[in-house]
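Per-chain residue numbering starts at 1, and chain names A, B, C, D and E are given in the order in which the chains are listed.
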Amino acid sequence: MPQLVVSGLTLGAVYALVALGLLLIFSAARVVNFAQGQLLMIGAYLAIAAQVRHGLPAWAAYGLTLAAMALLGVVFMLVAWRPLRGRPTHLVILTTIAMGIILENLALIVWGPLPVSLPAPLVGRPWRVAGGVITMQQMFVMGTTMLALVALSLFMTRSRFGVLMRATAQDLDMARLVGIRVDRTIAAAFAIGSGLAGLAGLLVAPLYLAEPTMGGSLGLKGFVVAVVGGFGNLPGAVVGGLGLGLIEAFAARYVSAEYRDAVAFIIMIAMLCVRPRGLFGETVGERV
Amino acid sequence: MRPWMLIGWALAACLPLLLGSGYAVQVADLALLNALAVLGLNFVTGYAGQVNFGQAGFAGIGAYVTALGALAGLPFWLALLAALVVAAGASLALGLPTLRLRSFYLAMATIGFGEIVHLVLLHWESVTGGSSGLRQIPPIGIGRFVVGTDAQAWWVLLAVLALAVLVAGRVRRSWLGRAMIATADAEIAASLTGLDTLRVKLVALMLAAVYAALSGGLYAGYVRYVSPDQFGNQQAVLLFSMLVLGGTGSIGGCLIGAAVLTVLPEALRFLHAWYMVLYGAGVVAIVLFMPDGVVGAARRLGRRLGVG
Amino acid sequence: MSLLVARGLVKGFGGVRALDGVDLEVAEGSISAVIGPNGSGKTTLLNVLSGAYRADAGSIMFAGADMAGRPPLQFARQGLARSFQNIRLFTRLSVLDNARVGAMGGHGPSLAAVLLRLAAHRTAEAMATRRARAALDQVGLGGLADAPAGSLPYAQQRLLELARAVAGRPRLLLLDEPAAGMNMTEAMALMDIVRRLRDGGITVLLVEHNMRLVMQVSDHLTVLDFGRRIAAGGPDEIRRDPAVIAAYLGPGHGEGGAPDA
Amino acid sequence: VCTGPIRVAVVTPTTTALALLGIQAANGVRFAADEINAAGGIAGQQVSVTVEDTAAAAGTALSAINRVLEPASDGSGPIAVFGSPISPLVFTQSEAIRKAGVPFLVTATNAGITAQNLPWLFRIHVHDCQLATLVPAYAVQTMHLQKPGIIVVGDDYGLGASKGMQATLAAMGITPAAATSYAPSDRDMTAQLLDITDKGADGIITFGRPGDLALVLKQIRQLGISLPRLGNTSLMAPTTMANVTDDEADGAIGIGGMLPQSGDARAQAFAAAVEAKYSVPADNFTVAYDDGMHLLKEAIEAVGCDRAAIRDRLAATSGWQGLLIRYTADARGDLAHTLGVYRNHGRSPQLLGTVSEAGF
Amino acid sequence: MLEVEAISVAYGPVRALTEVSLRVAPGEIVALLGANGAGKTTTLATISGLQRPRAGVVRFEGQPISGLAVEAIVRRGIAHCPEGRRVFAGLTVAENLLAGGAIHPARTDFSADLARIYTLFPRLAERAGQHAWSLSGGEQQMLAVGRALMARPRLLLLDEPSLGLAPLLVAQMFAAIARLNRESGLAILLVEQNASVALSVAHRAYVLENGSVRLSGAADALARDERVRAAYFGG
């Protein structure tokens, strides 16, 4: 039991981080980035390349990865969003899916199909609490997620930049009319969102190995979490993420490992029927 | 029907004679099957504006019910008919609770549906044969006639597609088609004209499911083997891409989108490992340079030629 | 005869009480108006009366039926149609098709009839087209039937909303600021249309800030302020009502919607 | 008699989540072909290998097989086709092979593959049914497990094996403590492992691919479980070894297709050469395809380029010595009947011995 | 300060403006009148950079600005309050106003600006924490104008600011416009359907018809013009 909680929360924290990145990009650019999972994968590989192949110390490898991911976010925005701005969302969605395909296969070409791992940055004896074991890395994952959540929430609600970012998302042309440099704002959002995906990649690589295809299911779960939490709600994403992680762990154990994902999806659909805008979704307005 | 359309259908009927080779005809057959599913998707996504990533799931239901029916000894067409009914039922089960949802929430619910179908196909082994699927499915046929070659399959599938296009056109030009588009464009206004928008969306989803099941059922009889991997999320995304690429809301666009995205990966095969990268890049390029799909681009070109 | 009788309507949003016990009667065959300061609850009232919002309390009798709590499409099927303050057209449909959606309402034939082109389908389509064209002619959009609705300029989009509402042959038509964005000459032309609709048997309830127009066209006015009815009566009565002048019209308002040049 | 270069095709996933398997397979054929060509080809003709990607989807697999079966401009089709290690993909392609009449050498491990009554199809790798009998037998007879827990990857490969092993155990009067699986994309198997230990298992039998078995090994240690571990040879595959610690790997026993890394000097040289050439280690499948190519060469040299003759020749294979095992064709078209038993010492697998299917 | 010289604008094949020229001097209120579809909104959109002219040039304080990005034009001192309000629906009233000051340095203290706007439109103060989508039509209109003022522009482009406002508020709005103009010398280019009010506050006016300037002159002269009265005053 306690062990299930630990592993559920760890995986849940990763889902939450993916969802946070997704939400950040969404909150400025109004697009769901279906390549978020693939960005995570790239982050994991970059860290491995820096630390394992080129022997950089962990902190340097991590810093370098996050910086590179932020840059990649900007490139991503220039290629997949910028030329499409103002176009219907489903086009942007399709573009991000295609970008995901590109990233995944580039990774396959560059890094090959072998699963590889990243040494855990913190080594130490695992903790034993209430009959469960928590490794340092698991604590690191959960702690980092919480930190990221707090920092992002403050950033989005307290800073002026957060307000401008949300204004940009609401109405791009109007944002330009009040003088917001929308390209920079959205580039920043993509940089942070991609950085968050990279962070998630760094955190999972020591736990779960990196493979070119690792992003697909993590990205999808991040999307589930964003929806369950209520799109646009950061704490909702974290609660949703941890919740999904727990549900999956318990479903795998007590319902059926085969139908673990099915249980997660059924609960999600049932929940959406009761709360059509997610757990914490605001009734985003439509006036008649 | 306009003359150029007639010419198009006539050319299509001659295609196997022009292509000659088995491989090319077989790719063309798969394109027809995809086109059927995309045409269905167009009702619910193109017209009624409801995102649906569950289309591959409906195709899977259609394929498995057809396969099981035919393996159990039903005539192929009867098994196919049963598949359409089951898929229609599944669409109601999915649609009733979820069609009230909006945009991303609906997208997620339909992705979930697709995943659930996939998992059931994979794990309900005693019925579906699990991941090794169902083999030696009786071929497409009616009465004495049985489809034997890829070219025969092409003619049968083309006839089915033509019927599907006819039905799609009739729906589009009727109050139902208008109601679907009205629901997508301004749901509140539509319901205040007295339209039961939930029902309209349900009908659209049901048509989508029936088309998908038709595509899946024919696939089962054509390939004569079904396995869950053909009906996963990747396929759902592919079908969605075909719709967008061709031009959402346009029947011709569905056909073109299905053709392009079935043939493009094949045409890029010579690039080996790079072909998936190029494929992704191709989709991005098409979206960037033909935002309203191939059909929209053609229309714009036509206008320019007409004007200039 | 009152076509519509609402009693004690209440609608709150969080802390805001947009409607706070509003009574309203609309006589059959009349043009009535609801006026009031911005944010006084006029649009909310129309939303409640058309079923788009559900009232927290109060009753609505429309054409003899108790409508409170019913979904919008039942209001429509009972013979109610409306236009919107923020235009909501079916932008991908042609002008004619917008009106045809209005004309057909919820009475479309079955899927089988559509697919097989049965008589039911053909007569329904013919009827819808006839009514839609008539409605377009009534508002003066007859010439634009094939244009995509999304491409019309603002004022014509408003007219199309009107046509769509009228095409369903409603008994009661609710109009929310139909003349917004029109100049006086255009607004006057619109009011001629509204009058003709009334003469054709449609009862009209409108919300409008253009006083010159409202006073000319309405038989009866209801004035809201902070979600309450502060006055009701004929145009002359209202124009002189001190409470209305203080809350809404402002001093110096005889005829026009604004100080005259 | 053969005219012109000898065309051989490989249809296998080289993209998607199954890319590693497919690439390791294709490497075997390519490596052997290069070796053969360097030594003068087959009957004086050079071998040309085309690799077609099937992705992980049936539709793509179908197009891929039809494409390779397409006659070239000179009218000649491939002499033989190597199919993939993935059973559903091979099933999808079987009808096309039947129509075209081309020898089809596969490693897909689903037992049903060779039960299709398809005379053109040969399997050059051991299959689930053999493992499903031998692994539980080893668990019970050699390791003396009475109540093993089973955890497998939830795809055709793992689930098929799980079903077979449960049947074998049942025949020996043993019910497993638990039989669970994880989705191929799952990264957290703790729930399943806990299920097994909670139900009082005295050992863990696992079946999976290298990437995920590394995780299983890791998580077993993370959870502090110290039960004996037995499974397929993915437990000692180089990919697995690269991603676990000595402690996590040590003591696990694997049975299955044989690995070149722990074979004799020749096999080790092969493993080193393949890894140096393709930067991807050779595994049991690489060996099988390499053997398959050499077997094909000998068949062609013996009977020429007539496909039916090649087929008949392959069907008559008996005691042909490959890199690690001998191949003998049975009536269904299965050629491999010998499995290796390995045990990890730290991260280096050691061959304990081989076991053969009854009758071989 | 603003010179629009012979601009022509088209939407695809649709010609919206043909060689429109107009001028706004510092401290001046200029009204732009015209029937529906005459091209008023297009003219403002071209000035603020949302539309590119096919021909002609827009100059602001002597510098050509047509061709600059929208963001850059705002930063030169032109604020545009567009047709249809366009409030940021998911932001609160206060956040909308904050966004209006986007061009000012990050550390700017907006409290004085906010106070000024709340005195201009007290209803906004009452609704400060409410999401903009839930405001009534008129409240949204106030917010849109308030937001434009937050940029502290030197030239304000107003597209139908009285749309949906109650008579009392129309009067207040125009009084406010006149006061802003008088007290801080703010130049205003005003598009307004309510021709009589517009001409009562404007110094000069232009009348557009089918994308071309048909009439122009002093506001009071135009207000007396028979053609103008027939077309825009409702007879």
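Here is the rule we go by: contacts are C-beta pairs under 8 Å (C-beta built on N, C-alpha and C of every residue); 3 or more make two chains touch, one makes a residue touch a chain.
Computed from a predicted structure; not experimentally measured.
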| item | value |
| --- | --- |
| If a chain touches subunit A and subunit C alike, it appears here | B, E |
| Of A-E and C-E, pair with higher C-beta contact tally | C-E |
| Maximum centroid distance from subunit E, chain identifier (CA atoms) | D |
| Whole-Å gap between the CA centroids of subunit B and subunit E | 49 |
| Euclidean distance of C-alpha centroids - subunit D vs subunit E, Å | 73 |
| Distance from subunit D to subunit A - Cα centre to Cα centre, in angstrom | 36 |
| Shared-contact residues (touching 2 or more other chains) in subunit B | 122-123, 188, 273, 276 |
| Subunit A: positions in contact with at least two other chains | 105, 108, 258, 261, 286-288 |
| Touching two or more other chains - residue numbers and ranges from subunit D | 15, 154 |
| Footprint of subunit E on subunit A - complex, ascending | 160-161, 163-164, 166-167, 169-171, 173-182, 232, 284-287 |
| Touching residues on subunit A, where the partner in the complex is subunit D | 3-4, 7, 10-11, 105, 108, 112-117, 126, 133, 135, 204, 207-209, 211-214, 216-217, 248-250, 252-253, 257-258, 260-261 |
| Residues of subunit E touching subunit A in the complex | 48, 50, 69-71, 74-75, 79-80, 82, 86, 88-91, 95-96, 98-100, 102-103, 106, 131, 133-134, 147-148, 150-151 |
| Subunit D - residues contacting subunit A, complex | 15-17, 19-20, 23, 154, 180-183, 185-188, 190-192, 194-195, 210-211, 214-215, 222-224, 239, 242-243, 279-281 |
| Subunit B residues within the subunit D interface of the complex | 21-23, 26-27, 30, 122-123, 125, 130-133, 135, 223-230, 232, 234-235, 265-266, 269, 272-273, 275-276 |
